[in-house]
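Below: a set of structures, written as structure tokens.
Next, two complexes with chain A in common: one pairs it with chain B, the other with chain C.
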Partner chain A sequence: MTGFLNDKAVERLRSVGALPEFSGTRYVLMDFLARGGMGTVYAAQDKTLNRRVAIKVLDSSDHCNALEERLLREARVLAQLEHPGIVPVHDAGTLADGRVFYVMKFVEGSRVDQFLNNVSSLFERLRLFLRICETVSFAHSRGILHRDLKPSNVMVGAFGEVLVMDWGLAKILQPDSAGRFEETLGSSEPLCTGVTGDSETQITSATEDGVILGTPGFMSPEQAQGKSSSLDARTDIFSLGKLLEAILKQAKSTTAVRVPRALRAICQKAAAESLSGRYASVSELAEDISRYLDGMPVSAYRENLWERAQRFYTRYQAAILLITAYLLMRAIVVFFGRH
Partner chain B sequence: MNKIVLGLLLGAVLGAIDGGTAWFTPAVRPAIVGIIFGSTFKGLIAGVAAGIFARKVNSVPLGILFGLFVGFVLAFVVAYLQHGYYFEIILPGSIVGGLVGWATQRYGAPSTATAPAR
Partner chain C sequence: MALDHSFVSGGGNFPQTRWSVVAAARSDDSTERAHALDVLFAAYWKPVYKYIRLKFSKVPDEAQDLTQGFFVELLERDLLSRFDARKSRLRTYVRLCVDSFVLNEIKHASRQKRGGDAIHLALDFPAAEGELNAQTIDPASIPSPDKFEDFFEKEWIRSLFSSAVEELRQSCEILGKQAAFVLFDIYDLSGDETLSYSQLAESHGLSVGDVTNQLAWARREFRRFAKERLRAICATDEEFARECKTLFGGNA
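Let's turn to the complex of A and B:
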């Protein structure tokens, strides 16, 4: 008890006090959605256009110029990345209470790991993973690294659309041909100390080369060492490898199907410890997955004769069965015709 | 190569081979040339039908079923006209239809819409 208020009431007052102040804007706060890399995401109503939107607001407790700048940069990065797999940004600004925010499309759907609980087909899972690859590959083509790819940052919409979320840790590698993204994140990215994002994402203490940004279990070794200056597309490829591993592990636990060796090899190559051991680009990784789906050999795995025969049979199963049936029947006809 | 041409060629080739297997039945050996021609023509029709179906429906199982059905109908007509050899004609004829149905689903370029010339 605190005076005449009980603990519950104090807790409620505290949570209401932490809510962002939207007065003076065209948005009406509706609901809490999630905690992102740097802030909290709320559902809100856009009064002017009369539609539901999602608003990411910087946490007041983590308030500092570097984080404000980072949130705005995330909004700018998202605004430049026009792709069906990336949530469009509608607006950005500062609230009356001084907190920076940006407004994006409200996505109805579920996290990829939750969505996949109802998907038993390995092929469906791999097709979904390919769509994640497409989005990341697009971002790479625009000179952007995501740096925090993990199941909780991928959403599947109500109509099956796959969206890569939370670009808060994105790194801009170079300006594109159109001259966009002139700002770059240097090796020593300015940050408030002790900042944490969602429950998994970590932004921790500075090293000689920079800061450690990412999620343990999904971040590459070079990310974990804080070598932010040496990061390239292969950093995201490592995370994609770990993401694929998680997707396959989940498939194994829900369907009790053994993950094929070729797929395990693809995961291992994508998430190799050394940079040189990984796929050079996301499209290379996606191509290997596509080849697996088409019943073709993958570059990551050298199969033996028996495995090759098995794959050949799986690929041409219908034709092999039809030809066998034909030959068998012809043999029977010839045999009975002679006797 | 589009699906109809693929079906036509494959149906003709498989039909000819299928007709050629009649050589193993001594009783019909004297009529082998006619059988090969007839079987080739039958395969050709089944192939074109399977190719047209493949352009409209994109499903391997349905393609095989359609091919089996067309092959069955054509082979039945031939066997009926022959007044015999139902088993020897219908079963292989149906399977050849199924094979062509499978191939037209898996291979061959889908139809491409071309803009009208101005």
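Let's turn to the complex of A and C:
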């Protein structure tokens, strides 16, 4: 006869009961990793290739086939995006317990906000942000919007690789005759509402146009209004602006450095309320950041004379100091030569 | 009528996936009806007893009598036939029936010590009392008045899991897989979170792969037993899905 199950054992059994059923697959469950949009990510061992992988498994508690389709669509989106900044997908399918899953590369690393706790240099932070921009820009060039860019969806790997994660809310666009992207038929919003992904992401009430998808604080005004049909690259640019703001805020809190006006202006332009006020593309935003890093004027901010002089001095500091020292020395030589 | 884990659902005869006590309790077939009640009692008698003991502050003798009385009333007044799955979960309905029954008994103060020709269910009250003492040894673990609903749910889960674990133990014995149950017992039931697969493998002279596979099998079987039992005490697939979520969280 089995003994009394104490509270700890009951809790343990509850988590055991929630584990996905990997029998009949080539994967052996190892560990829980994280809760993501729509599902849970586990570490597993691929028995065939003898390597560790990460498996995202759909929460099967919702009787909504649209969620299954969504997870598979996320896998397909990832499979299309072969880029160093995007986790590659190896496999997808349905488990013996009926849950849909996909297998991806196991990434060892930390969330960008946690990683940045140990990075005090503003320049390093901006270089990291540029790599996020590169990845998002690549996705846009393939007609895919992320729609949920935020610190918890960016990881920094053990070797410094920057990865944009969780493409569960991605929207697939197709180019029209003018080269602009339009929404692909059948790739729009989920068919059911009231579903939440991770603790921050929201998929909420239906509107006249669609459902509200995204994370408060990072989603664009048009996303918050559920205007899904009018979304384009500028929606992700808004989120990138907010992400940059978060990255800079964190830098400010750890180093007590004032965020330069030019960077604040870049954030404001990227996260402008109106679509027309934002950068037209991620590469434009990235270019402004690069210009700032190179000590050049940025398009988002008109400097006054003093600021221009300051920037000029900062950029050519070494040369200016060298020339000044040379001139000073010449002056001294001339002065003592005459006396 | 004897009731304990050892006879529930006829040992290894598990209810069919869609078999439900609610439907079976309304059946014309008396065997089917009796089986349904067995399953229901097995899942609920301990939560009901502990709930009465704590919520109504009853001494063990009184709580035992009231528990017996409640299940007798459930049978005699055919309370299950009044359950409407569209309005609530069976678990909630049973708890409300217990509340109503006990309050009625207190109000009329006419409760007689049950005996004579009254139906007597052979429930292992000393075991339940022992569990309750172990649980409430710390005064902080005694639920506050507004937490009795949570307490009932927790006890219901404990009861369901206990039955599923016992079923797993019996199944392992039948299949000659006692080693798998031992690993499951040590790793998942002992509560030692510091234990690793490799430590377990070393102490049992197994490879880590063997430990992984045997634990995976035992967990799978436990999950199956727990879900089958849960399905049996749910009236509809929707209720089952909801209760699965309660039992295993959002991932079930």
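Odds and ends about this structure:
Just so we're on the same page, the second predicted complex is superposed on the first by the 316 of 339 C-alpha atoms of A that agree within 3 Å, B and C clash if a C-alpha of one lies under 4 Å from a C-alpha of the other, contacts with A are read in each partner's own complex, and residues count from 1 in each chain.
By our rule, a contact is a pair of C-beta atoms (placed from the backbone, for glycine too) under 8 Å apart; a residue touches a chain by one contact, two chains touch by 3 or more.
This structure is a prediction, so every number in the text was calculated from the model and none was measured.
Contacts of A:333 after superposition: chain B is touched, whereas chain C is not reached. Judged by the touch definition given at the top, the superposed model places A:309 against neither chain B nor chain C. Once the two complexes are laid over each other on the shared chain, residue contacts for A:296 go to neither chain B nor chain C.
With both structures placed on the common chain, the touch criterion links A:49 to neither chain B nor chain C. When both complexes are overlaid on chain A, the residue A:320 reaches neither chain B nor chain C. Of the two partner chains, neither chain B nor chain C is touched by A:280. Which of chain B and chain C touches more residues of chain A: that partner is C.
Chain C contributes residues 5-6, 130-131, 134-135, 154, 157-158, 161-162, 165-166, 169, 188-191, 212-213, 216, 219-220, 222-223, 226-227, 238, 241, 244-245, 247-252 to its touches with chain A in the complex. Every residue of chain B that touches chain A in the complex is listed here, in rising order: 21, 24-27, 60, 64, 87-88, 91-92, 95-96, 98-99, 102-103.
Within the complex formed with chain C, the residues of chain A that make contact are 1-2, 4-10, 12-23, 28-29, 40, 57, 59-61, 63. Contact residues of chain A toward chain B in the complex are 318-319, 322-323, 325-326, 329-330, 333-334, 337-338.
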